[in-house]
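Shared chain: chain A. Partners: chain B in the first complex, chain C in the second.
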Partner chain A sequence: MKKYDTPLIDELEKGPWPSFVTEMKKAAKNNEMANDAVGHLEKCYRTKVGYWKHGGIVGVLGYGGGVIGRYSELGDEFPGVAHFHTVRLNQPSGFFYTSAALKEICDIWDKYGSGLTNVHGSTGDLVLLGTKTDALETIFAEYSSRGWDLGSSGSALRTPSCCVGPGRCEWTNYDTLDLNYALTQEFQDEIHRPMFSYKFKIKMSGCACDCVASIARADMSIIGTWKGHIEVNQDEVKNYAKNGMDINAEIVNMCPTQCISYDGKDLKINNAECSRCMHCISKMTKALKATGERGATICIGSKAPIVVGSLLSWVIVPFIKVEPPYTELKDLIRKIWEWWDDNAKPRERIGEVIEMKGMRSFLEGIGQAPIPQQIKEPRKDPFMFYTEEDMAAFKAKEAEEKKTGKYKF
Partner chain B sequence: MEMAELQDKIFAFCEAAKGKKKLKEKDILIGVSTELSLEKDEVKKALREMINVGRLMYSYGGGASSVEIPSEEYLREKGMIK
Partner chain C sequence: MALPQRKTDIGPPHYKQFLPPIIQKNYGKWKYHEVLSHGVMVHVGDSGDKLWTVRVASPRLLSTTTIREHCDVAEKFCGGFFRYTTRNNVEFLVSDEKQLEPLKKDLTARGFKMGGIGAAITNVVHTQGWVHCHSACTDASGLVKSMMDELMDYFESKTLPNKLRLAVACCVNMCGAVHCSDIAVVAVHTKVPTIAHENFKNMCELPTVIGSCPTRAISPDPANKSIKINADKCMYCGNCFTVCPPISIKDPERDGVAILVGGKINSLRSNPKFSKLVIPFISNEPPRWPKAVAAIKHIVEVYAANARKHERVGEWIERIGWERFFSLTGIDFTFQCIDDFTFMRDTMRTSSTFKW
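Right, the complex of A and B next:
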């Protein structure tokens, strides 16, 4: 095996942090593809050129996604990375694996690929880095025979992902793991056979802490929330204060809606003003607890910058019950796709189409009534739409009030 | 319309667009269903079968996917021709 001199990437091994270079070098001891990837990376750093190209026709028969073709222009110099395709494996809900499952994945990958992995990629999938075209069908056969499936890529529903939810977290407002699994099963066709104008991502968080960052990374964010009050245990509040928490600085002053007060003894919350951001609950776990009906808020449209700048998701459904078989949610998703499909040009994300066509057109298209809670940013710009009929009714009401002197509210 | 005949029509539709336009799956569904006055679902079923057996294939470039007629290289790689 050729030994590459790597002074530049060696710099990335210094310092107290784990280094991907160290891990690549470990893999390179036993794998020619990983070894060439190390040499290739050093050359990229030295010449400040990427040399990678991606896309094309690689994949497994019948699937339109799950494999992303990657090729190096330096195939003659580094034959191990001439083909270096990425394979995405559909991750389990909440990223829970047994050691045996991880070993199984790695054993297969060591046999047919570079041995390098990315757990997890930004899409959520378990990403296997670097294999050759002629190994793809065999890799797919090996994984699928053991119950694994490929993830998604291209103009498709990307592999849905969710936070750990009820598996490990007491704050979750719905079963993110079950919903993630249910949507993955329901939309197999949309995941594996690219049919949209561009990618569509669904991410699920059990509460507003939003551990999968769905508000910024998913075209559709399903974020857990609740309808009731925040229950306060004043004894535990006292304990937090006794143990050194500066409640005014860390909780009261950081409440985005300023709905909390603390007089040094009791903590009070004006629940009508609370936007359920989770800050206080996550800081004072033992003292504060959400109560009442649980469900989720649906937001739409976030994305990273490509056609237009990056966007955060907008609220379109402030509260929806999230319970099996999730019929209401699945129907809503289908309506959203239909509107998007009818209005999008190639490579336009749904958030961009909403920006261009307007939220009014979108809400009409999916059959949602405009309501004040459909806001772009909490507490900043609520908006409402008035149709000509609304205006006519308003004018008639105004005229009647003027005439009779009786005002209706 | 017989499935085989419909699949030939779909193939001809893709062949006509070859080198001119990257066809999305939706373009084929709308184009062929309008041309033949068929339901989109019928066209979709026929299209999916063609993709399953490698008569058509998905391609990918710049983040967007399209449906294409496979190259000989692809068919050879999948063991469909020698």
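Right, the complex of A and C next:
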């Protein structure tokens, strides 16, 4: 095996934070591909540019995604990375593993790939970095026969992902792990066979803390919330105060709706005015607990800047029950895709299409009524559409008012 | 040896088989948790059962050798059960308190770093960079390693007003969606792309390339059977390069990084926010990016010294105002900080109230 001189990236083996260069070198000990990846990276550091080509179309029979083709421009100089494809494995809900399962994944990857991974990729997949085209079918047979399927890539439903939820969190408002599993199973075809205009991501968080960042990076964000009261355990409130918490400064004054009061003894919450932001609950988790009806808020459209600027997801359904078998949610997802499919140009994310066609078109397409929870504020300019139906409804309302003598605004 | 029979559309394995017995028993019945240190927290169930979590840093890019080491630690102390986090940390799950100290000792002996829980800096969300991506204008892993070496105290022990989330994207595609982080580093190109006209007609689709441009800077060039790029309109996003390989945008001396601050994704206290541009350009300086690292550390320290308890970077800045952020940090305010793309209407000030 060729020994590369790597003075620049060797600098990144120094210092306390774990080193990715050390990881690459560990893999390079018995692996030609990883070894050439080390030499290849040193060259990038020396010249300050990358050498990976645009992805090519590679994959496994019957699937349109899950493998991302990667080739180097410097295949002659570094033959081990001439082909260096990525294989995405669909992670289990909540990134829980047993050592036996992960060791098996490693054994197969050492046999057919570079021995390098990302645990995990940004979308959530377990990412296996670097293999050759002729190994792909074998890799797929080895993994799928042991219960591991490929994740997603391209213009498809990307591998759904969720927070730890009921597995290890007291704040979750629905079973994120189960919903994630159920949606992944329900939409296998949409995951493996790209049929959309562009990518579509679904992420599930159990509360407004949003530990999977669904509001910022999922075309569909499913964020847990509740409708009932916050239950207060006054003994625990006293303990927080005793242990040094300045409840007025840290809780009362930081409440965005100013619905909390504290008289030095008892903490009171005006629940009707609470907007369920999670600040007080997250800081006083022993004392405060959400109760009553549980469910989720559905938001749509977030994405990174390409093409016309970043978007955060917009609220479309403020509250929906999230209980197995999740029929209402699955139907909603299908309706959303149908509207998107009817209206999008190639490479248009759903948020961009909604911006082009208007939120009204989208909400009508998926059968959702307008309600104030969807907006920050109403429109400012008086440029708006009136359909014949809208005008007929306004006129009918006025006719009704004339009859009853009572205005209805 | 014959290959095993492949199966399609089976989806991931069911998560239940990977949950340790204590989680199976207390599933959905957790009462509260306490952060014991930056490296350890304990969750308590309604049943009274306790589950300790020890969080360990990871460079995300892992060799199978290190994954096996995680497995070995989990087998020794956690019955083989463990998990990873959305920010690429490893979490060892302990149900027997007697195992906690031996586990920590073992992790220390192996050189693993515990931390990242609570009002701290945890692992950095980042993209592939030069390690494995075609459109990278910097190396994400190298930048992350360099900045976390400098910020290690905030991972392991030092406390901040609130958690501080860092992210690195190696181009504006931002495949890690870093645009809502307390401090985000985004690599940028700064030069109009060049075009290998002779390859255009064979490799690219004209409408796709024209449509890929967010500023409508691309028009057809019939004489060359190619395209033209209007230099007055191009903002160097590189999206045309993504859809058309003969377009070239990489430049070792003109590629660099920009720094954005004040984003967050949770709804605690205030709504989720985008990160906003404060430093438009720092040259790529591999292997250690000293100026970018110094800038990030400086912003962290000014935040730590000035924010109130529980304020995130963006909330602190909203309270003190942007002019105060620039005066406190001493960062030069430049034309790049004024939006002239999609958010201009929302971001200009429309009052005469400010600080000097």
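In this section, the second predicted complex is superposed on the first by the 374 of 409 C-alpha atoms of A that agree within 3 Å, B and C clash if a C-alpha of one lies under 4 Å from a C-alpha of the other, contacts with A are read in each partner's own complex, and residues count from 1 in each chain.
Just so it is clear, a residue touches a chain if its C-beta (ideal position, glycine included) is under 8 Å from a C-beta of that chain, and two chains touch if they have at least 3 such contacts.
Computed from a prediction, not measured in an experiment: that's the story for all the values here.
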Which superposed partner A:133 touches (first chain B, second chain C, both, neither): first
First, second, both or neither for A:305, with chain B first and chain C second: second
Which superposed partner A:283 touches (first chain B, second chain C, both, neither): second
Touched partner set for A:326, first chain B, second chain C, both or neither: neither
Partner chain(s) touched by A:55 [first = chain B, second = chain C, both, neither]: both
Which of chain B and chain C A:156 touches, first, second, both or neither: first
First, second, both or neither for A:199, with chain B first and chain C second: first
Superposed model, chain A: greater residue contact from chain B or chain C: C
Partner chain(s) touched by A:341 [first = chain B, second = chain C, both, neither]: first
Which of chain B and chain C A:175 touches, first, second, both or neither: second
Those residues of chain A which chain B touches in one complex and chain C touches in the other: 55, 62-63, 137, 306, 346-347
Chain A to chain C touching residues, read off their complex: 8-9, 11-12, 14-21, 23-24, 26-27, 34, 37, 41, 44-45, 47-50, 52-55, 60, 62-63, 70, 84, 86, 90-103, 105-106, 109-110, 115-120, 122, 124, 129-130, 137-138, 140-142, 144-149, 161, 163-164, 166-170, 172, 175, 177, 181, 184-185, 188-189, 191-192, 208-213, 215-217, 249-250, 254-256, 277-279, 282-283, 285-286, 302-310, 312, 345-347
Chain B residues within the chain A interface of the complex: 22, 24-26, 48, 51-52, 54, 57-65, 68, 70-71, 74, 77-78
Interface residues, chain C side, partner chain A - complex: 3-15, 17-19, 23, 27-28, 30-34, 43, 51, 53, 57-68, 70-72, 74-75, 80-86, 88, 93, 112-113, 125, 127-134, 136, 139, 141-142, 144-146, 148-149, 152, 155, 169, 172-180, 208, 211-212, 214, 237, 239, 242-243, 245, 250-253, 255, 263, 265-270, 272, 274, 284, 286-288, 308-310, 341-343
Residues of chain A that touch chain B when the two form their complex: 55-57, 59, 61-65, 68-69, 133-134, 137, 153-156, 193-195, 197-199, 306, 341, 346-347
